[in-house]
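The next block holds one structure in the form of structure tokens; read it before the comments.
Residue numbering begins at 1 within each chain, and the chains themselves are lettered A, B, C and D in the order written.
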């Protein structure tokens, strides 16, 4: 089937990088070592594979796992309408991974959003600062340990009459 | 007599309308109100730097040619009774200004960037 | 605090805020411009002014309750967000939706898509000065919203598409309302086409301004009408057909130069295609219409009758349950008991229905999809609207991430307006159809 | 001067003038903006009550129509625009998010704009129907009529 050979191609190209792969019926996904992210992504973007578009980039926080932050990338090939999910797990303290801004331009804002929401650092990012939250905001809201209603007002709030 | 009346009435009306706001409006100010309005966000620089000369040039040229057009109106009122000499007079007047216009155009005053 | 722009700005250039509270910035984006006269040397786009913590809030709501948050994402085409979320959950559950519910979903999505494009182009035209086009399009949108309101009960925040199907069947004379809406929209499209397509001012403001090359669009992750305006015909309804889109024939309009005018033209043509789709769904809905016999027992009679024996004929409960009676239920809701609440008549008159109802809605019980993760994308108003759900088997999503199409489109704004005039920012930003809810989530 | 026959007649005239010519500044952010468009446009026309003229500068408007969710990041912007408005000024909170934070009770949203600025009329609804918006406008006009007007020599403030 079409999906398998992209996974096998990845396994042959990066034997030690690919840790796990899931085949349909679930969505095709690959778990890789964080260190090889830039190489794998460049490999996927190159022509025969043709995953030319970085659809989405996000992070999932698993506090009880040793590797707490799981980066989730979705790449898409407009030629053959195929999607692939690439996952990489990052340790709890000082999560950092290579930035994909050299490969794709929308990685700039996507990575700034994940830095803002989870605190994952991206090496090589031109302007890594908060995207959504304001400057006086401490903490990373989408982490599981950040309480839902912990508000940090930007200007003093009036007590309602 | 009616001309003086007209000037009096409309002058008074203008003064009253203009001054009513200043006289009646409540004068309450606060520090933020003094600052320029920049869509609600803090201004990025205080005070305006001198802006490029192009704007001044365009303003001057506009003034010049606008006054030229202003002289058409009295001409338009009387050109019927001028019996044939209207057009040459206008042409002479226009020629002088067209020369100025061509000079400005050649010197590149109108090219923007 | 000095922003990046202030740090890099040349001392003699003018720094100006095109701030959040600006009529053309839809209230939620701040562009800091470094100007030399009217020409933009550099700019920095600041977003997040409508960040409402959608993803964090959804982690604290059950699968069923967070449907209301999905309406407020792309609030110009709310039904498409509903369809996207609900189909992602159904893919997680492996649920089959009946035929008629799929047709109703297609009809509602296309109505929502047309009202999305109408609002976007209305705002773009008005910001370029064409206020008449704005009024015409708002008038057309009212007719479409009438249809949506009669069916779903709300004009905009509908929460009408439920996990497993739709909340209620179409109202009795929906076909007349739909035809009237389609005709009005066609008339308005013809008028606006006459107003804007060859309008010298509109052309000068939009033709060959903010041109986007196909490669650059792919690199920015553009999808939807903006990507199609650069020439790439990628439409999720054609690429991965979902619902019954494979049985509908419609074209995917494509632009040539990828400038503002092409983004405008692609949306105009796309509206005509959506109207064609709406007309194709009507016979299919007509064919699968359930035969509901009128009348039925009043609740009081049913209770009196039930003392002796179970009432055979239908119990007419209350007007606001119109459309979700038991007789029409098989057509609009999936049959799977675990993930779909029972029809209200069962819930009120039989014990199994009552248990099923409470099993579905009580705290701690609710819908429990299997552990796993799924990514499902639908063709939203602005492009590929993708939901990435991670479920850990509990009744709340462990992680819900939305791939907002206009997040990627607006990311290219800085590059598109560099070197242009301040006046070009307005049509460029208008043609991107930035929606705060979808951008900042 | 305040409180006698002349100033109350003057008050009434001033109130009549002000309530039928409200220039509003639409501080639009989120979904309620769509309903504001419907309310302002031809179908449910807000202009029938004299409030149709949208002014996008706080200097020229006397009604601040806050429409849609106000995030914490936007709070100082709203406070700045309110402060920069010229007296007399009124505020309408349009939609549940401006009234009480609505369905977004979390770290990112201001729980009601009356924590930032004083509000005159609250319009509930998520989004409120255009008819509710017009009703809110009529209530504001009623309030303007009954409250004492603010003007230079009138020491009694509203």
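Simple rule for what comes next: contacts are C-beta pairs under 8 Å (C-beta built on N, C-alpha and C of every residue); 3 or more make two chains touch, one makes a residue touch a chain.
No experiment lies behind these values; they were computed from the predicted model shown.
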Which of A-C and A-D has more C-beta contact pairs: A-C
Chain of greatest Cα-centre distance to chain A: B
Computed distance of Cα centres, chain D from chain A, in Å: 43
Rounded Å distance between chain A and chain C, as computed from the means of their C-alpha atoms: 25
Centre distance in Å when chain B and chain C are each reduced to the mean of their C-alpha atoms: 49
Separation of mean Cα positions, chain B and chain A [Å, integer]: 58
Shared interface positions of chain D, touching two or more other chains: 73, 76-79, 81, 105-108
Multi-partner residues of chain C (at least 2 other chains): 19-22, 48, 51, 53, 56-57, 440
Junction residues of chain A - those touching two or more other chains: 132-134, 141, 146, 148
Chain-level touch network, classified as line, ring, star, complete or other: other
Chain C to chain B touching residues, read off their complex: 3, 5-6, 11-22, 25, 30, 32, 36-37, 39
Complex contact set, residues of chain D against chain A: 72-73, 75-76, 79, 105-108, 110-112, 114-118
Contact footprint of chain D on chain B as seen in their complex: 23-28, 30, 32-33, 35, 37, 39-42
Interface residues, chain A side, partner chain C - complex: 26-27, 52-56, 58, 60-61, 72, 74, 78, 81, 83, 85, 104-106, 108-110, 117, 127, 129-135, 141-142, 146, 148
Partner chain C, residues of chain B touching it in the complex: 38-41, 43-45, 48-52, 54-55, 113
